[in-house]
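There are structures below to look over.
Across the two complexes that follow, subunit A remains constant while its partner is subunit B and subsequently subunit C.
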Partner chain A sequence: MRFIFKTKYSQDINIAKHNGDRFWYSLLILIMVALPLVLDDFYLGEISYICILSIAGIGLMILSGYTGLASLGHAAFLGVGAYTHAFLLTNGIPFYASIPIVIIVSFLVGAAIGIPILRLTGMYLAIATLALGFIAEHVFIKWEHFTGGNRGLPVPQPEFLGMSFYDSVFFYYVCLVFLIAAMFAAINILRSPTGRAFVAIRDSEIAAQSLGVNLGLYKALSFAISGAFTGLAGALLAHYIGYLAPDIFNIFLSLTLLLLIVVGGMGSLHGTVFGAIFVGFLPQLIAICRDYLPSSIGSQPGLEPMLFGLILVFFILYEPLGIYGRWMKIKLFFELFPTYKRQTFKKQKVFTKSDRV
Partner chain B sequence: MQLIQLIIDGVASGCIYGLVALGFVLIYKATETINFAQGDILMLGAFVAYSLIGIIGVDYLTGFALTVLIIAVFGFFLDAVVVRQIIGQPAFATVMLTIGLGFIFRGFASIYWGTDIFSFSTPFSGKITEFNGLIISYVNLSIIVGTAVLMSALYFFFTFSKIGVAMRASSENQLAAYYMGIPVKFIFSLIWSISAGVAAVAGVLLAPITLVDTSISLIGLKAFAAAVLGGFGSIPGAIVGGIIIGIVEQLCGTYENYLFEGVREISAYLVLILTLIIYPRGLFSDKAEVKKV
Partner chain C sequence: MSLFEVKNITVAFGGVKALNDVSFGVDKGEIFTIIGPNGAGKSTLFNVISRIYEPSKGEIFFENQNISKTKPHNISKLGIARTFQNLELFENATVLQNLLLGRHIYKKTNILSEVFFTPSARKQEHEYRLKVEEVIDFLDLQHYRDTLINGLPYGVRKNVELARALCTDPKLLLLDEPSSGLTNEETIDLGFWIKDIQSLLGITIIMIEHDMSFVNKVSDRILALNYGKILASGLPEEIKNNADVKQAYMGE
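This part shows the complex of A and B:
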């Protein structure tokens, strides 16, 4: 087991806790940069998609995993980002100017939505965001001037740094750079006082309030930051899809994002990447499952939602900390070997918590 | 006259929302969890009724009763086996769990029954009655009467029967109910079974209008608006909220030209958001259950 000898207070908030971390994460980034040498276009496209999902996952993770606010309508932010980006590009704004505008717009939309509905807690918030998701989907259909309605909106693929977005290697690098940047931004937000306030709100609103955290402000801020990340992911998603239709941004996408953070592991940024890998490869997984099932069941369209639901229920009931939690357990097992005890992570017996006052 | 006609139609569809909302409210009052799978249970109810009445050929009333019974038993075990395990977890966990369950039900229905649209014959299909120039279809009438009967049955059940009183006691204060010797876990499972049964009633009553396919589970989402409007802790509130939502939807549909295009589909959600922003307590809530920041 590794013991970190702390000599400075600032060590508590270091991004890399020790040299091992530095080594492994640098190696990971090097491998990711070198990937186009070994993989073909199809896999690069898949990995780009996983990067995009991870960015969206970071957005939702900050809101749900770190601030404890459920959102069932996050596809709306993806939609806002994607449509704003496509609209700006269509009107001749270059890529490097469009992305910051998208981030700002999504941030403002997040704040505008966040401020009125954040007086609600728990389930009411979940219901309200669900309704907002539906309304947003409807707006995408009906606001034809801006979104092209049901006809859809082609996304221009402009030149950027002299390269085209049709080039999958270039697009992969764009997604990778944005993912790393988003990761750094998220880590830094979360180790700043703002991030600490988010976590405090998640763990106990009353305690946070007594320590001087302005609940309304920080919840709205969390919503806005989350919206900004998700909007960025939406802009990249627009390039990935190439043609925007309103029904992409439906409730199923919102729930997929939730599945992502639950499977990855609530309350960890590692979890967003694990979850994104899982969600990104889920269709392939389902395709493989289909082959092994008898054709009467395997060819059913209902198989996908059913597996989706089963995985969700399974993780909520048996592995609430997700893949990252499982990874921590395995790591701890080897660190403590042979003294690891199952009880370390045993679910505590709890009673119904009451929201009533 | 057209207005009254619209209101009658609205009341009928509102009763369905109200019944589904009633399911939310019963479960919420007792266990403080929200069952996002309520709409999917309604869908299962409609499908089971289709199997019994449409395929096997049981007569309507027997099929109706059997469906409600099957779904109620299903609801009981749903709580006893699955949902009970996450008591005490944060609200987020229950939300995700019930959403996942909803997906499983929907997937199961489309695998078992297929994705076609089904219908079965009811004694009410295609019959209408005229009253002072108002046209009322028997289907709508059956929904309104069915809701009224169910509501009064539930009222008597909760007021006079021993189990009903025990249910109210457990909703009020779990610990005290335990001390009084009430089997709280069993009572909670019973509440789930009643709420599933109510959803099944709504499903069977609704089947002649929307026909039976997997998309009717979306009703569950609109019923949230009804429950929130009614104050989420109040049984009459759920029905009144449902009826208001139904009427608003009808009116928005008819006067769409004066508002904006497509307002009908989202009117329920708009009402929901507005209620939450302006008056989150809801119309019938007796205490301030929504914490404010």
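This part shows the complex of A and C:
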């Protein structure tokens, strides 16, 4: 068990709380950087996709996990990011200029949608965001000048730093760098007053308000920041897919993002990566399992959505804090070994409201 | 002129008048207690002051400024902080994070400086923390800095909520039943703290309270409400012997 002796306030502010953190996260980044040496293009592509999902997950996590606002239409922001990026690239804007524009555009779209929609709460907000997802899909179909409609829109793969996006190793590094940058941005937001205000809104709106948090402003800000992250992920996704069609950004993608944050662990940034790994590899896993299942089950077309739903239900029932929650328990087990007690995490009946994550 | 004044406040929920033409003033440095049976309109009064409820009539003045139309999130910027009857803490955050939120009104950073966590953002965190540590020392919360609210006993939670209100550096503190649910010893401690808040920090306090021995010990003046109307107001001694108050409580 590690005891940290605190002598400076900076120790509570710093991202890495102790040298152990520094060591393990540096090691992780080193391994990630070295991965192209050992993995082939297929797996690098998969991991790039996981990085993209993680960035989108960070966006949704800030909105749902930290501010406590549900969104069932987050694929809309992926779409906004992807189409804006593709449109800008088609019109000759270089990659390094296009990405900041995408982030700003999705931020503004998020704010513009957030301000009216966030007057709703709970179930009504969920339904409104669901509607937002459908509306966005139709806008992508109908706004042909911008999106190419149902014909789709090819995404140009420009040169960037003298490298091509067709090169999967290069694309992997681009995704990795953006994931790390997004992670730092999210951590920074969450450790500053704005992030605390988000958590305050999640846990008690009335107290947040009485402490001077402007509810409307911060909810809209949360939606906008969430949109910006997801938009960035959308831009990278455009490169990954290569050819945009409106039906990519459907309700199923939104639900995948939701599954990602719930399975990963609500209210933790670690959870977005865990969730992305899970969601990214699950279809492969299901595909592999199909071969081993009896053909009457294995060849069912609806197998994937059913398993997605089933897993979501199981996590909500048995591990509400997701993979990250499970990881914390395993970590504690080894920290306290051999005195770990199973009851530590046993769900207690509580009489004051506390189970609001 | 009083620091804080309520003039002819009426709050009606449908046909029920929760508050009916209530007026009173609180002087600077006072501990002013509001008592009354259940449903007398005490908490409604607090919610009107913190602008959660809209009064149907009347005005509220703080430092000679009419705050009847101020936005709810701007009330704390004026220097009015409050606690809640049924704790409204941020339960999945640590004590420290709860208290740091008390400094939210002093936020100077914008979202860009926060995304990059610029030196000014870091400096601001240090300034916040300095004030928070003062309050932690004042209310003996040293042990609980990194504990989640979820895992705290009720008495400590009440204390954290008081601390959070103090972190805003208020001029006027509204305490909604600060002693409810506390043990005898905790109530005694609370009495000392409230007196200290008044004398050391110079904060004016308006308090809703039921525990009469506690009320008599700490209050400078008392206001008794019943059915949304003022029954009596005055020094603790006067209220104790007031016939109307006895009638409302004991039904003589």
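Quick notes
We take it that the second predicted complex is superposed on the first by the 348 of 357 C-alpha atoms of A that agree within 3 Å, B and C clash if a C-alpha of one lies under 4 Å from a C-alpha of the other, contacts with A are read in each partner's own complex, and residues count from 1 in each chain.
The working rule: a contact is a pair of C-beta atoms (placed from the backbone, for glycine too) under 8 Å apart; a residue touches a chain by one contact, two chains touch by 3 or more.
None of these values were measured; they are calculated from a predicted model.
Per the definitions stated earlier, placing subunit B and subunit C onto a shared subunit A by superposition produces no clash, and the two fit side by side.
By the touch criterion stated above, A:50 is placed in contact with neither subunit B nor subunit C.
By the touch criterion defined above, A:219 lies against subunit B but remains apart from subunit C after alignment on the C-alpha atoms of chain A. After overlaying the two complexes on the shared chain, residue contacts for A:248 are found with neither subunit B nor subunit C.
Judged by the number of subunit A residues each one touches, B leads among subunit B and subunit C.
Annotation: apex subunit A, arms to subunit B and subunit C, angle 80° (C-alpha centres, rounded to a multiple of 10).
Look at A:196: by the touch rule set out above, it reaches subunit C but stays clear of subunit B. With both structures placed on the common chain, the touch criterion links A:82 to neither subunit B nor subunit C.
Closest approach of subunit B to subunit C, taken over C-alpha atoms in the A-based superposition, is 10 Å.
Of the residues of subunit A, those at positions 215, 350, 352-354, 356-357 touch subunit B in one of the two structures and subunit C in the other. Of all the residues in subunit A, the ones that touch subunit B in their complex are 64, 68, 70, 72, 116-124, 126-128, 130-132, 134-135, 138, 141-142, 205, 215-216, 219, 255, 258, 262, 266, 297, 300-313, 316-317, 320, 349-357.
The touching residues of subunit A, counted against subunit C in their complex, run 9-10, 12-13, 185, 188-189, 191-197, 199-200, 202-204, 206-215, 221, 225, 267, 350, 352-354, 356-357. On subunit B, the positions that touch subunit A within their shared complex are 28, 31-34, 82, 85-93, 95-97, 99-111, 115, 174, 214, 221, 224-225, 228, 232, 260-262, 265-266, 269-270, 272-273, 276-277, 280, 287-293.
Listed in rising order, the residues of subunit C touching subunit A in the complex are 50, 52, 71-77, 81-82, 84, 86-93, 96-97, 100-105, 107, 109, 111, 114-117, 121-122, 124-126, 128-130, 149-150, 154, 157, 164, 168.
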